[in-house]
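For clarity, chains are labelled A, B, C and D in written order, and residue numbers in each chain start from 1.
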Amino acid sequence: MSAQAMAQWKKAQEGTLPEHMGFELISVEAGKLRAALQVQPHHLAPNGYLHAATVVLLADTTCGYGCMTHLPEGAESFTTIELKSNHLGTARDGRLECEATPVHRGRTTQVWDATVTAGGKTIALFRCTQMILWPKA
Amino acid sequence: MSAQAMAQWKKAQEGTLPEHMGFELISVEAGKLRAALQVQPHHLAPNGYLHAATVVLLADTTCGYGCMTHLPEGAESFTTIELKSNHLGTARDGRLECEATPVHRGRTTQVWDATVTAGGKTIALFRCTQMILWPKA
Amino acid sequence: MSAQAMAQWKKAQEGTLPEHMGFELISVEAGKLRAALQVQPHHLAPNGYLHAATVVLLADTTCGYGCMTHLPEGAESFTTIELKSNHLGTARDGRLECEATPVHRGRTTQVWDATVTAGGKTIALFRCTQMILWPKA
Amino acid sequence: MSAQAMAQWKKAQEGTLPEHMGFELISVEAGKLRAALQVQPHHLAPNGYLHAATVVLLADTTCGYGCMTHLPEGAESFTTIELKSNHLGTARDGRLECEATPVHRGRTTQVWDATVTAGGKTIALFRCTQMILWPKA
């Protein structure tokens, strides 16, 4: 992703949840996006470990940017209709990394997978279905 | 929930994600919790609609407080091992309300359901599995 | 459901998986379907307990008949795009009962919930998303 | 897998659902199992396409055999606590193939992924959580 494209992403997410949570888009390639998030105390649950919603924010945003950059020609946008995550580990600080990849790219729906790691260890597996929105005829 | 109990909850979530997101616990009864969240621009996705992670934050936190207040006697804590949400609608502003209820309360796991509404309309159905953590023998 | 309607259902599922598995449709009302399955040794896993797929067969078929009988006017059919079940208990024999209800009825998708019980005890919670198929323009 | 081991598997599933459905275990290696199922009319839904439960049977059985062959030392058995499938395509006949792999192998739970293909095309993605059962102390 060029510096210019990256600047556009940052601009587009100004004031929204990804910015509020410190979401960082790292790279966008055909079929693969990478993102990260630096864990802060305000990402944790009251028990001192990562809140599941922080992990979902990171994974779902990466998949959402993935869907936007992999829309079928002519499509307008998308909406997430369901998501599922399995939480395998956790963290208290450090850096979360996320990699997302499309596992289905249809005209009506896309399905994206994301893996979230902390210190190189997989802490969550995420999968979502996005409905493709087309311009009204 | 007494004013005192409510003050303790607020204190316990200081500086954590629920506070950072504006999560408000409304009531805790046996088998039912209610919570809310006032939608702000920083809860939205770049497309101007609610980010799925905001909905998950509201639902998962309510279920988490539910699990904590419904632990089997002697149990110490819990960890969410999987969660699933179906998104049926969205919002741009206003107030989200959430109601959570346990659908399984075992000694090893609990399963909680949450429904999220906006303006009285159901916008998401959430279900999660929590593993009960016991003191080390 | 009239005896005639019931006879039509039985006829329609002849030779298909629901018949092969002993699926019994009990009643179809607006917003609620009930079905059952008499547990046989060939419904079990090698460990002697219900196979998860037996439970899914019962729940998914009930929801599928539900979607077919609750299609929006003009729609042709549907296809299940995702399903999720939480297994809370099991059985070795006896009768499984299932109740299904729509939790979302849109023009593009429906979401149905089903509960499976054995001897009055809930053994599984099932939720699925069905995509509505419309005649080609 | 030796011919002898294969014969034992076939023996163990005699009279159970996998046999009733024509489940064929193909190979068991460390971290990967393969299985197949020849589509018959009794695997279909009344609409003439694969019933989702057939796909779940194939995927869940493969993951179950996977968990059994990858139990931590000393563990006794397992039970599936939740499963999720995304259905991306379908079939009316031919051969379904399934490949399963563990994505988490803990002492309390395992998470397995399975992919189901028909004619080389992915028709379903499946993920499940299994709880590990230990001998009573």
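Throughout what follows, a residue touches a chain if its C-beta (ideal position, glycine included) is under 8 Å from a C-beta of that chain, and two chains touch if they have at least 3 such contacts.
The shown structure was predicted, so the numbers you read here are calculated from the model rather than taken from an experiment.
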Q) Given the two chain pairs A-B and B-C, which is bridged by the higher number of C-beta pairs in contact? A) A-B
Q.
On a CA-centroid basis, which chain has its centre farthest from chain A's?
A. C
Q | Between chain B and chain C, centroid-to-centroid distance (C-alpha), Å | A | 29
Q. Any idea how many Å lie between the Cα centroids of chain B and chain D?
A. 33
Q. If you average the Cα atoms of chain A and of chain B to get two centres, how far apart are those centres in Å?
A. 21
Q. Of all the residues in chain D, which ones touch at least 2 other chains?
A. 81-82, 84, 86, 129
Q. If you look only at chain B, which of its residues touch chain A in the complex?
A. 12-13, 15-21, 41-47, 49, 51-54, 56-57, 60-61, 64, 77, 79-87, 90, 128
Q) If you look only at chain B, which of its residues touch chain C in the complex? A) 84, 86, 88, 103-104, 106, 111, 113, 122, 125, 127, 129
**Q.** Of all residues in chain C, those that touch chain A in their complex
**A.** 81-82, 84, 108-109, 129, 131
